[in-house]
Structure formats: structure tokens, C-alpha cells
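Below: the structure, in C-alpha cells.
The first chain written gets the first letter, and so on, giving A, B and C; residue counts start at 1 in each chain.
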């Protein structure tokens, strides 16, 4: 840097970066609504679109998949135990041909087809995987819905009233947040009878806090703005102000946060199942299917394969979808 | 700042290299010579205190490094160990002579006082030992050390299984001076234990492994081939893979893996003495109905459960007393009694229809089972069986301890339950279902049954071995004739045992004996 | 700053106190009992309850426990390892769990940095897309799925590392678990580094650096990395907390005798003291990490301190 002082200036040291004659033209944009804007941004995000498509496909399969064949998630045909996947037509190409380490395992039941194979009790895995996906999705969505509700109400009340109420409510949330989720969830899973409802309840206990933070922060921001003041002066009730004026403003962020919570909920459910605190037999969830399949990972890897794939796809898709949604709601993030 | 950053990065890299590189996948030098053996255990060691231990894994460890009055031979017959004995003609008095060369690992001799102290400690209420009941069950009225070498036991009536129980760890001796010097630290680690068995414990690394080394001072040290025995606490398929790579010589197979390894050279199935049954809580309206209970009794396809669901060597239960477990004059209880349980779906449907008609509604029951892998599969299949017969079955899964509490509190309908026998006599099972028995969770009540059991245990027939045996047979018929409980299966165990390893002695009605293992080169 | 510090510490202590209370209440509500062995008589059960002080009222037990805990006495195990002091049990396992967690963080930081830097430098190219995809996968897929995959391919098929934890090969045994746990930190750090670096790369002073004609690699090291490093320190905290969660499942998959596995065992055996202690140790680590992170934030960026107080 020392040589700067000795620098000799020449004529073309500084030139115009752009053509000096270039005209600056004003462009007119069509006014678009907020949601249309969001959709426009979202569409541009390839990952988000792929994620959305996968979510839709998986959801449809979760709804209709269990009815594709005659088996139900609990019908046991013990002689069909651990059969490997076999799909008509595809079997001719040497894939999904019902072989296990080279031997054809459908020798005694030539007319039987299990698309994803059968589990150790001879239950159709195709049906069970989609029935399990359904249970996992129900758990995740219910938990997140409840989280949104509790979190929003709590956050808005806390933020709107402020002062001592806010202080108390925030300390409470902070303490609750200090307990590791998994400890709470594990212990609750134990105290309550295992089942879908208790898993939802356990997820609910700690899941609402992020939602609460967003709601409160937004309320604090909006509270002092003129239109709220105007509404107040015009005699609007507290309740009205909270719900009519503030709610629409935090809608976007809440949706984004909840979409991020869904994969979290699915993961926590899977964790509980793996710990043996999942849904009781013969019910299945993605977590319980993975944890069952794990026991025969080395001898019958197909039992764990499909639930793991669905679980992973679902998690990735929800993350992609949520990412896209966040960027769409917040265009500042777009170029990152 | 730049330097700091580079330094930090280098440190991190170095740390990772150390961590990853270390000794990579390299094995430590192969110590697996013919004198040392490594076995997998699927449950961890819980207690090394003879009075407090309650589980099979702990008992096996105790049998290795401690010794009792007797030892079971390969056939399950009690043989002299630290003592020899004489029995009075009426079978009421035993006199044990303690071997002179029996020694504790701290050099003090094992005396009759050590037995007296240990037994007193066992029954002392303050110890709160699970197995305190053993003394009473054997009708023992008095036990005392006459002198250092003589231990006397007196009973109110003869007990066929007493000598076999002398090989049970709860009745092993304890060195009073040592135990008391250790206070509440006794047997908590290898530093707080002394031994009187063929091995001493050298390492106890909780949740991972524990090891034994040969006790050269043991009177019969010549009989122990192994210099070093290690148990590793590893389960499931990963444990089996360790077996395949030759790191361990013995591993238990779970049901899921049996098909894969059934042609393995070391594949070994054996029958254990645990009997799993459905406990029916009779205060529930539906289960008070005998036809409903009969429907459950006939609906269970026990063969399929044993052969196709479990596959691990378990067998369909033929009655409440297991097979190959209790013998009278060399004849198996089950052989005399024959098959009492039967699967008959048509009959089950018939009974169900009758029961439902009497109740005036369809029957919905809740099946309680524990969260172990085995129970889960069996419960799922039982649900299928019962639904085939017409029932609607809801499922309730709980950890074992919770299930037990629920059963003890009468908060269940149908539960998949097991009983682990403590001594090889039908009484250990028959005793469970008398009206006042604390383990009669289902609240079964039959005066005929109570009377029969009482007669066998305390009545005039108690001293007569034949008559007592017949009453035991009679009792099972009454119990199952009332469909009070529904036996399901007797558990088996499938192991992979290194073909070169021999000498593990399995006992359906006692503790498996690992003292005489041999590993050929 | 001092006031803020004191306030944060007070809140942490209060949180820990409440957590302990909550854990205690949960144990109370937990069905089952450590002493319901079928072979025990009612009188023996009562004796056991008395012996371990479980017959006392809840309040008395809580304060006794609190008092003992402050002196380092966490009670004894009832079932897992009869009468063994829980403090020792936890101590023996804690170091192992921490070792694996730390290794995972170190690995995650290195991989994350590399991925993030590459992605930012090759912004909007296929390399960027690839790195970002890897990051999305890492964030989304639970660590135990990675654990299963590593277990199956690396340990079972390729036999490179032991499948199960083996105390005789302590170093080789923790590589796979740490690797499985490191995916998530790798992904979070990569994402963070990428966005931080893009910020820096687009900033005016980098424009100046570029204008001055400094070579690319030199620029990266001396300017861009340094300026994006500081913020990354602040995300390490939450990442470590996240690891706690994954670790218990990964411990189960690899059979590692760590705190997570002990917690699971404690729950299964109704071993109250073990369960409370493990859950509390987890909470303690969590609270302490959160505290450190908050304080670090405060030092690094005074604005956070102020807004935090304001919020």
C-alpha cells in the first residue's frame, strides 16, 4: 500500500463505467396484489415447486394408497412373512421380481404381489407405508395447527398488553423453552398412554414457542403504528384490534414457521417411535415402520427401505417448500 | 486475526485427523486364544449382590465367580460343590459338610457361618430381597451353623427341589466380615467384592462389558478350562455381525434374524422355562363370562405363534406348566398330563357366539402387552387370532414395569404376561393362581382349585411324593378347565455358538452354567 | 452489560430450578414403579419405599433431592445397577457423549465451511446448486437415518469401522456416530456461511478489494472468510443444542454407553433417579449452551443485547 503515495496519475485512470449517452428509462409495472406477488416469487423457485409436487403426491398416496389392494394395514398372512418386493410387469426386467439374494421367494404363492414386500408378520408394506404416512402427517399437522393457535394467542396477548403481563408470560415461555424438547416429549410419552393423541399432545407442549415469538414481535412492531392507534381512538375493542388489525400482518411469517415445524414434528414422532414410545401395534407410523425395519436391516433391508425413503422425501420436500415460501414472503431473501 | 483463524483451522483439522486416523478400523492384537472366550449378553449386568440379584444375566455372572452348597450338572441334577450332604430318612433334616479347601479370594476359609449369615441376610426384611420367599417355599424352619464346617437345615416337610435350589445364587454364602466392612458399597464394583467360585471378576464396565479371570485358589480350579471370560453387552443384528466377524463366540438371535442364520454352523435352539400366558381380569364383566374366556382359550393359534412368528425355538404351550421343566421319577409333567391347550377356531367362534349372546352385545377387549420386540409381534398375532374368532381387540402397549403396575392395580382386561420359574417344580406355576396369591392378578377364584393346591403343599399328601404330584396334575386341569388363564407359548432361545465352543450347560429350571466352557483350537 | 449478564444468569438458574421441579412432578405422574417386582411381598415393597425415602411427601423429597444434588449426590440407581451411585454412572457416560458431540461439531464446522465457501464463490452455478442441495438434505434428514445408512454400508458392507461401540477400540468406534451426527451441523453451517459470504462478497469493501486488484484466493482468506467467521460462532451454540437431541437415537443405533442410552434405560426400568439425573444433565447442558451463546451474542453484537432487553 505504501506505493500509493508514489503513484503517478495518468489520464485514463478514471473513465465512465457506462455509456455516457445511455438513457435512463422509467418502467411501469402493473400493480399486483400481495398474494399474487408471493405466488409469483414462489413459482420461480424450482426447489420449492419440486417440494410442493412431492408433498402433493405423498399426501395423495397417504390418502388413497392404503386402498390400492385388498390388504389392510393390519391383515396378517403369516406365511407371507418378509417377502421381498414384487411388481407385475416390472419383474420381467429383473427388478422388483420377488427375489432375495437370488432365490425366488414367491415359489409357493405365484399369484401374490407385494409392491413394497411384506413385513416380518406378513403384512403388506405398501399399505402399511401409506397408512403410516397418513398417521405421521395427521400427527404433524394436528400438532402444528395447535401450535399456531396457542402460539398466536399467547404471543399476541403478551405483546399487546405489555408491561407486567408481558413480563410474566415471557418468563414462563423462556423457562419452558429452557427444557430440551426431547426430554419433555420423552417423559410425556411415558406419562401418557402411548398413542396418536399423546404424541400430538407431547409435541404441542413445546412446539408453540417459536410461533409465540413471531406473533409477539409483530404485535410490538405494529402496535405503535397509526392505524392501530386510529382503530383504538375509534373505540375498537382490544380483541378486535388484535385479531382484525394485527393478524393479517403476521399471516405470512406464521405460515412459513409452521411449514418448518411440520418436518420437525415428523422427526420427533419418528424419534419417539424409535425409543419405543410410538403408536401401538398394529397401527403404523413412519417412525414405527423405520424402527421395526431396523431390526431386520441386515437380513431384509427392503422392510426399512421404503419407509425411510418416504420419511426422507417428506422431510426434504417440506424444507424445500418452506424455504421457497419464506423467500416468496420475504423478497429480500430472494437473491441469496 | 488471520493467524488466529488459520491456527484454529489447523487445530480443528488436526483434531479430526487424530480422531479419524487413530487406529482406524485396525483391530487390537488378536487375544482370542483358546484360553479366553467372549460372549454377548443382550441384557446388562444388574447386580452382583447374591441377595439382591434377580435376573438371569446377573445369576450367570454370580454362578461363575461364586459357589454354593451344590452345583447343577449338565442334566440339571444337583451335585456337591462347596459341601457334601447327608439327608435324614424322613427328608426333613439336611446336614452339609463344608469342604476344608473352600476359600474366599481374600484367603479366609468358607465356613458354615458364611451360609448362615447369607441366608439370614436374604430373609431379613431390611434387605428387601425378591428371593426372600425361597426359604419359606422350601418349608425350612431352621438353619444354623453347628460349627465352622457343619451347616444344618431343618424343614417342616420334605421338599423335592431343595437341593437344586442350593445351586441358586440367592443361597450362596457371604463373608460377613467382608460384606459388613464394605457397607453399602458391597458388590457395586470389582473393588468391593470377594469371591468363592471358580472365577474372579476383573472388570465391570457398565453398559459395555464385564470380565472374569480364573480363580487359581478355587478347590476345583482344574475343572475350569478358560483363563478369561468376557461378556459384552450388545444386542440384535449388530451383535450377530460381531459374531460373524469372529469377535465373539456366543450370541443370541432375535426372531427377525433366524431365517438368515438357520443354516449357520453354530445355530443352536434351546427351550427355556418361561411360560407366556394371557392373564384375564375376571372382575371385568365380559371376562367373568366363561364362554368368552373359552372363546379366547380356543382362538389362539399357538403353533403358528411359536413356529412362524417367534421362530426362535419357542414351542406352543400345552398347559400352564412348561415342557422339559419338571420331572417325577424321570417322567416329564407334560408327558403325564398331555396337551391341555388346543387351537380350534370353530369351537372358539361357537363359544364367542354363546358368550356374546349371554352378554347381549359384541365383545370388545383391550390387550395389554409390553414394548419389547417379541411381545409386540406376538400381541399383533394374538389380536388377529381373537378378531378371527369374532372379538374386537384394542391394543395397549406399555413398558414392562408400567404393565406390571397396571396388572397389580387391576387396571387391565387381557394381558400378555409371563412367569419365570425359580425352581424346577410345577408348584412354582400352580401356586400363582390360588385365591390369595399376590400374583393372581386376574382374581381367579375356585375353591376346588384352592383346596387341591393346599392339599398338595401342606395337606396330608404333601409328604407323599406321588400323591403330591397327582394333585399338581389335577390342579392344572381345574385351572384350565375354568379357562382361568390362557397359556400361549413357552419361550425358547436361539443362539449362535462357535462350533469350537462347548460346555455351556443350559437349564430350563435353573441358572445356566458357564463354568465348564472349552474352546477348541 | 453487567446488568444483562446477571439477568441472564438469574433466568438460567430459575429455569434449571423449574426444570428440576417439572421432572420431579413428571416422575410422580409416571405410571409403574421401580419396586413392583412380582416376587416382592407388599411388606417388602413398603420397606423399599421407606428405605429410599419414597414414602415421604413430594415436597420433602424434592428439597432433600435438591440439597443432595448441590453436594453432588444424585441418589442411587434402583434397577439398572442396583444401589450404584447415579452421579458416578452419569459421569462415566457423559464424557463419551460429549466426545462424540464435539467431534461432530468439529467435523460439521469444517465440512460446512468448505461447502458454504465453495457455494458462495461459485454463486448461481451448478456447484452452488449441488452444495445447496446437500445442505437441504443435511438439514432435513434425521441423524438416525444417516446413522442407519452408515451402519449398513460403511460398517456392515465395507467393514471399515466397528458396527457397535467397542470399549477396546474407543477411537474407531466413535467415528461413525460422530459422522452421522455431523450432517446436520454441516448443513446448517454451510447454509449460514454461504449467505454470510454472499453478503460480504456483495459488500462495498469487497468491491474495493476487487478494485484494488488483489488476487482471488488471498481475498477469500484475508477478507471474506474472516468477516463471515464471526457470525458463524454464534450459530454453533444452537447447533450443539440440536446435537443433544440427535445423540440419544444415534447412541441407540451404535450401542454407545452414553447419557442418551442411560436415559432410555432409566425410563424403561422406572429408575427414577437415573431418569431425573440424565434429563437434568441434558437440560443443564442445554441451558448453559444457551447462556453462553446469548452472552457471546452480547459481546459480538451489542445491538442484540439491547434488542433482547427491549423485546
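Quick note on the criterion: contacts are C-beta pairs under 8 Å (C-beta built on N, C-alpha and C of every residue); 3 or more make two chains touch, one makes a residue touch a chain.
Note that the structure is a prediction, hence the values are computed from the model and not measured.
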item	value
Winner on C-beta contact pairs when A-C is weighed against A-B	A-C
Chain whose averaged C-alpha position falls nearest the assembly-wide average	C
Length of the line joining the C-alpha centres of chain B and chain C, rounded to whole Å	38
Centroid spacing, where centroids are CA-atom means, of chain A and chain C in whole angstrom	22
Chain A-chain B separation of Cα centroids, rounded to whole Å	46
For chain B, residues contacting two or more additional chains	241, 371, 398-399, 402
Residues of chain A touching at least two other chains	190, 276, 297-298
Where chain C touches two or more other chains, by residue	30-31, 151, 156, 267-268
Residue ranges of chain A in contact with chain B within the complex	74, 76, 78-79, 81-82, 120-121, 190, 193-194, 276-277, 280-283, 295-300
In the complex with chain C, residue positions of chain A that touch it	47, 171, 174-175, 178-183, 186-188, 190-191, 216-217, 220, 263, 267, 270-271, 274-276, 290, 294, 297-298, 301, 304, 308, 311-312, 315-316, 318-320, 323, 336
Residues of chain C defined as touching chain A within the complex	11-12, 14-16, 18-19, 22-23, 26, 29-31, 133, 136-137, 139-142, 144-145, 148, 151-152, 156, 194-195, 198, 241, 244-245, 248-249, 252-253, 263-264, 267-268, 275, 279, 282-283, 286-287, 290, 311
Chain C contact footprint on chain B (complex, rising order)	1-2, 5, 9, 12-13, 15-16, 19-20, 22-28, 44-47, 49, 52-54, 125-126, 128-133, 184, 188-189, 205-209, 232, 234-235, 238-239, 241-242, 245, 371, 398-406, 408, 419, 422, 438-439
Contacting residues of chain C [partner chain B, same complex]	30-34, 36-45, 47-48, 51, 79-84, 89, 92-93, 103, 106-107, 109-110, 151, 156, 159-169, 171-172, 174-175, 178, 221-222, 225-226, 229, 254-255, 257, 261-262, 265, 267-270
